[in-house]
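Just below sit the structures, each encoded as structure tokens.
Across the two complexes that follow, chain A remains constant while its partner is chain B and subsequently chain C.
Showing the complex of A and B:
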């Protein structure tokens, strides 16, 4: 059985933690909102500005999680697993990269290409938090918390992790949603 | 956790330019054939590149189905026929599909909806009459290996009795121009672990392995799958760790969990992409793990880098090596030259193969390792 230690969500220009709204922006472009949230969280991590939109979204959800649940630091660097899923893989950035290649004067941007994999956001988060644990990225048709929980539980049950950051993180054509939970086995 | 810890893998299939079955691919490699050839106009501005591409599709499905779906369908069906499993109505058979880009050719044609990986998996499930648990794993170049590790754990935690693990990716203008933009492509067919290696050759293909807790489903002997682990370098999203930290940790976790000593590993099926930094990183990780003297190869010289299919293709080749008591040479090697010395196979070697370590590393800093044991 799983226990949720904290739940962070980013959607509709707002950050919500354990059901309580923490920060809300007036509107505007998603990436402008992500920048405001970055400033609100005082991240001080310039690499953030190089990330694609989906990586920014996932990065911010985990920044909020770590700030609001500092107890996560008691887990060793091998003990925190990342179990993520989404619908769009990296299609938003894929389309941006492809637009350059398909242009009359073709351009292939290496800065975009490195983000044309959904699991890059896991790399960004692992680097930021120095987490060396298990990584799995699943792609499905819709947000499926049961699937995330099942995969988290497998890692906890097999002893491969003592804590799982389980996150739905999807950014596609300006539509976005992150639901990020810190999960442990019940009774710990 | 279930009581019986014994989990098997077998019924392997590979579809590549070298053939439509695992046995055909192994025979071609034994004859020193490679799928890598010149790829005219492959580059952004019409440059000739090197890639392993399937020129003719001789598989069952034609017409409106995408190339990748045809590959997947043919691969899964050939594997399933090597077992006595019936997919229809069996909810205890799970399907894991590993890929990086799926039907990327749809995206190139502006059809983002068809390009969804979940869509491709659903089309595959429908074609093969599969209705059990289905998941798509997309962890860059470790996708196939990570999918196999997950299959093991789905069975050990009693979420499934059998798991069909299938991986596929195709060579597309999207991926070739992307790797070209990173200056990661070789100026000739890739030469993993070679001193004068100059980069990756991309490849396309599909492969399938069936993982099961029931030895009796296999028509030919399966091998014991001792599970594996994944890790992250926590270092860089597109550059390999200079210390091999993540790969080292994935190997250590895998050996520790299986209670296997490095001294009994007969062979390492390495990732070996043929880039300077990746192969150096692997050499460092293998040395740290006490595996410097263990014979190893990379299959990339035969198949190119098949991205999301690579882990499944290369693990299927490990099973073929075990079946044939033969380790394949690391094709393309001219002279050794990695940051730390490793024991790269320069000739095919006839020898019993009882314990195999498969490793993989990918963008996003991810690494995977898994162990296979021959008990036959």
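Showing the complex of A and C:
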């Protein structure tokens, strides 16, 4: 059985922690909102600006999680696993890269190319938090928390992890949603 | 030359999404990589693309890159030399 220690959601220009709204922006483009949220969270991590939109979204959800549940720091670097999923894989960034190379004067941006995989967001989060445990990224039609929980449970039951950051993180053509939870085995 | 240096700083900030910086924050002589501006290997590739796109300069020998991209001064000198 699993226990959720904290739930962070980012959607509709708002950050919600355990069902309580913590930050709301007036509107505007998603990436402008991400920048506002980054500043609100006082992240001080310049690499954030180089990330693609999906990585920014996932990064911010985990930053909020770590800030609101500092107890996560008691886990050692190999203890924390990342179980993520989404609908759009890295298609938003793939399309941006393709537009660049298909233009009349082609530009193949290396900085964009490195984000043309969905699990890069996990790498960014792992580097930031020094979490070197197991990770998996699943792509499916809909947000399916059961699937995330099943994978988390396997990792926890088999001793591959002592905590799991489970997250649905999806960004496509300006539509976005992140649902991030910190899970442990019940009773621990 | 001063105009070119200023232009390079603006391009680097824009292309590498260094939103916390202004051109005034970049020292002409400070290393662009490592302890200086803190650029990484992906940034180096972006700078190579920038040279090709903006200045029509191809770096034939990758070994040269370390010297060329050492600082704003070395980059400006290289561009000036190649576009004479």
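Following the convention adopted for this analysis, the second predicted complex is superposed on the first by the 188 of 188 C-alpha atoms of A that agree within 3 Å, B and C clash if a C-alpha of one lies under 4 Å from a C-alpha of the other, contacts with A are read in each partner's own complex, and residues count from 1 in each chain.
The criterion applied here is as follows: contacts are C-beta pairs under 8 Å (C-beta built on N, C-alpha and C of every residue); 3 or more make two chains touch, one makes a residue touch a chain.
The shown structure was predicted, so the numbers you read here are calculated from the model rather than taken from an experiment.
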Touched partner set for A:43, first chain B, second chain C, both or neither: neither
Touched partner set for A:130, first chain B, second chain C, both or neither: first
Touched partner set for A:2, first chain B, second chain C, both or neither: neither
Touched partner set for A:25, first chain B, second chain C, both or neither: neither
First, second, both or neither for A:116, with chain B first and chain C second: first
First (chain B), second (chain C), both or neither touched by A:108: both
Which of chain B and chain C A:14 touches, first, second, both or neither: neither
First, second, both or neither for A:157, with chain B first and chain C second: first
Chain B and chain C contact sites that coincide on chain A, given as residue numbers: 107-110, 114
In the complex, chain A residues that touch chain B: 77-78, 82, 87-89, 91, 94-95, 97-98, 101-102, 106-110, 113-114, 116-124, 126-127, 129-141, 147, 150-151, 153-155, 157-160
Residue ranges of chain B in contact with chain A within the complex: 1, 44-45, 100-102, 104, 107-108, 112, 115-119, 122, 135-140, 146, 150, 153-154, 156-157, 159, 173-174, 177-182, 229-238, 245-246, 249, 253, 257, 362-366
Contact set on chain C toward chain A in their complex: 16-20, 38, 42-43, 45-46, 49, 53
In the complex with chain C, residue positions of chain A that touch it: 35, 46, 49-50, 105, 107-111, 114
